[in-house]
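Chains: A, B and C, in written order; residue numbering restarts at 1 for each.
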Amino acid sequence: MLYRVMDASELPRLIDAFMEKYEVVAPVKSGRSFAFEPVSSFDEIVLDYPTTLTSLKKYILPPRETLFEFNVEDADVTDYTLRIRPRVLFGAHACDINALNNLDLVFEDARYPDPYYEAHRAATMVVGINCSPAGSCFCHLLDADEVRSGYDLFLQDLGGRYLVSIGSVEAANILEAACDLREATDEDRREFRRLTRERQEAFSNDIPDIQEIPMLMDAFHKDAFWAELGERCLSCTACSAVCPTCYCFDIADVLDPDGKTGRRERILDACTSPQFALVTGGHNFRETARDRVRHRMYHKLNGFNSKHGRYLCVGCGRCVRACKADISPIEVLRFFERKGAEDA
Amino acid sequence: MSGTDETPKVVFVGLASCFGCQINITNVEKHLMDVLGQVDMRYWQLTSSDPMPDSFDVAVIEGAVTTEEAKRTVRALREGADAVITIGACAATSGIPGMSTEDHAADLAAVYGEQVPDAAGAGAIAPCAVKDVIEVDFEVPCCPIDPYDFVEVLQHALYGSNIYRRSSTLCGECKNNERGCFYGRETLCLGLVTRSGCGARCPNLGRPCNGCAGLSPDANVPQARRVAERAGVGAEALGRALRMFNQRPCADEEA
Amino acid sequence: MPDAQTVHVAGLADSAQVQAGNALMMANPYRPWPARITSITRLTATEKLFEFRLVDERIREAFHHEPGQFVEVSIFGVGEAPISISGSPTKSGFIELCVRRAGEFTQRLHEMQCGDIVGIRGPYGRPFPYEDMKGHDILLVAGGLGIAPLRSLINNIHDERSEFGNVTIIYGSRNPSEVMFRDQFEMWRHRKDFNLILTVDEPDDTWDGEVGLVTAPFAGLEVDAGNTYGAVCGPPVMYRFVVEEMRKKGISYDHIYMSFERHMKCGMGKCGHCQIGHQYCCIDGPVFNYWEAKNIQGSM
């Protein structure tokens, strides 16, 4: 990885340079929270935002996307040209970049690469920025607090200056043309290490650090704990909507008003939605909220691991705040902690 | 449809309601002829005084059942139609007319005195939803309906579709709009228990959900009461708010 | 902000120049290809056997399936549905699907006529280990519509019969009128090279087969356990009982195969609807061996 240092006052010039060729999406204030939205000037961007309501997923895997258009009478596809706006996703935290990397495993590095996802991802630059943990952050417990790939630039604030990791030639060209850069010094590196340690110590100690989570997910699969969560679940699917790694979807045909033509859409779905595992004929393989909540957690904390060697959950904490029933991976970790204490 | 090549015959009937849902359908002027081109519109009370025909394939009903006469009407519609579609909250849950279901006799007396005039509806009964009287095949929810939802449901009835109606509640759609939660602002919102599908339109405009899409069959009302209590809104307020559109027995605030 | 620039995704575009069907199919794996209905056979009151032929020659040549795989069938405007392939790979150029009328999609399919066109993409899924099964005895158990995917295997074995040892087929239905492919099986009942056991729960006056559950015939069955592959497909409740019977006969966990039913919406290991535990029924299955199934939370 190539590292350079730039003065903090140069940052608006970088944003301006991006804006010449890209739509820049960045964290902005939205109501009482923060959101990733297109910005038209550097001043709108909140660099030290804690977290956003929803993730960057919407720019790569939109809630609704047309796969193709069709003609009913001819029974054939008529058009499937995807138009995509080139974008810079500016100000992504490590957890969110790790989340995109997890989605890559499903949609790009898979037996069936997904052309729509690939097109969005290829037209999108990712610029990360360091963060300090909010109270609901637990990325460090799921190996997602640092990110080593999947971004074009990553900015580490060293106080008045940024240590920039440069991940792509496209970004390097824009950065070098727009900003004055210098080599990192020993003092820069010392400051980087100091800030990294400071961040590691800032994570909440209230969330237990559990080893062997996948094994425990299997061991306690039949525990009454899941029924308790199921009884609380509102079946609202807010968890999946805000989750940066929930990617499940439905496929549906939507006719135009004249009924002669239409389009096939991919609509993001959620395994916590009651009909998700319903099959033709009426059998529902996950009939109860207990089964659905457990399945979601199982996939986040075990299922994805057994396929890809890492947690699907990146510990961003969005579901912790979105769920009105206090159901989140943190509750699962606390449950394992209690079980461990009982055994001891 | 019945498997014939004939254009499906459609009738529109309005019961106790403001007729706003039917009006809303006429509001999609740009596409109205495209939509009507797929059907043979035999009867539409709102637009023509021609009498109701004997034979039809699809019956569209707006409004709650509030009289014996209306009961007979919907039974006749069920008898004649392959598919019955209800539009709007009044038809689906008894909606606004349903607010008087519980103390109906007292409400009538309060308005009309001892003698209820026939003009107020011959054989007035406690208001109920269409599905309380007959089996309903398709429902276009909300108050008023989204006319595009109606087009989609009509096409579903005409051509078939493997789209199923989700019973998940509203918060997921609301999050997709990047909206914070009313409960964080000590404001009651019925999105916790209301069936999704509308795209959380009201919260997106800054107004809490009033439940017009109806209580989800998978609604977790006890948990919603706990949420309301904890947020300082109060469980009773949640129960009261639910009564506006959810008079049906499932809206059990005591649960 | 810059003007709304857009990128056209070339990889998605159809191209008359592309000759390789595989490349065409992979360019956009969500794109269904037109297929014409070439034959419709009524099997029971609720099931029909459809035969399709892909219209585009490039796609037809590239389409190869193995027993146990499925396709996604499109009726544009109505939607898409996963349907297991009932025909043998030896019958190339045609795709046979056995379809029960159970929902709006299958209702519409049942209303279609020869010559009508649907969309097909696939095939998808991990098939039965057909090549590994060669040289072994075969014990197949089907319940109800479970015969649909197993028929592909049965017909493939039939067409290459000399490659296999003893072949036993146990096929259970609720009643005689629900027995599918009855003509084919009636003919086979007199063949020495297939031990075919048809059984029903509720017999009528005409029924001269067995009566009872598909597990009942196991009592009198002699199995060369070390040399036998078992395969099971049927309603969810059936699996546990049948695989246990096979275990009692001594067949190894990894020689007992079963095909699971879930709603595979994308068929490509993404949409999540067919997930069982950590596995995707559409790409990791639908065929799993018993050992694998035991290691999947919620499989049976």
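Note that in this section a residue touches a chain if its C-beta (ideal position, glycine included) is under 8 Å from a C-beta of that chain, and two chains touch if they have at least 3 such contacts.
What you see is a predicted model; the values in this text were computed from it and never measured.
Among the other chains, the CA centroid farthest from that of subunit C is the one of B.
Counting C-beta pairs in contact, the chain pair with the highest total is A-C. Ranked by how close its mean Cα position lies to the mean of all protein Cα atoms, the top chain is A. Subunit B and subunit C have Cα centroids separated by 42 Å.
Rounded to whole angstrom, the centroid-to-centroid distance between subunit A and subunit B, based on C-alpha atoms, equals 37 Å. In subunit C, the positions touching at least two other chains are 77-81, 103, 105. Shown for subunit A are the residues that touch two or more other chains, namely 252-253, 255, 259, 278. The set of subunit B residues that touch two or more partner chains comprises 155, 159, 161-163. The part of subunit A that touches subunit B in the complex is made up of residues 30-33, 35, 37, 53-54, 58, 63, 231-238, 240-242, 252-259, 270, 272-275, 278, 289, 322, 324-325.
Subunit B meets subunit A in the complex at residues 28, 31, 34-35, 37-38, 151-152, 155, 158-159, 161-164, 166-176, 178-181, 183-185, 191-193, 196, 216, 218-220, 223-224, 227.
On subunit B, the positions that touch subunit C within their shared complex are 3, 155, 159-163.
Remark: subunit A residues 19-24, 38, 40, 67-68, 70-72, 74-77, 80-86, 106-107, 110-112, 114-116, 118-119, 123, 218, 221, 247-253, 255, 259, 262, 264, 266, 269, 271, 276-281, 283, 285-286, 291, 295, 298-299, 302-304, 306-307 touch subunit C in the complex. Those residues of subunit C whose C-beta lies close enough to touch subunit B in the complex are 77-81, 103-105, 107-108, 111.
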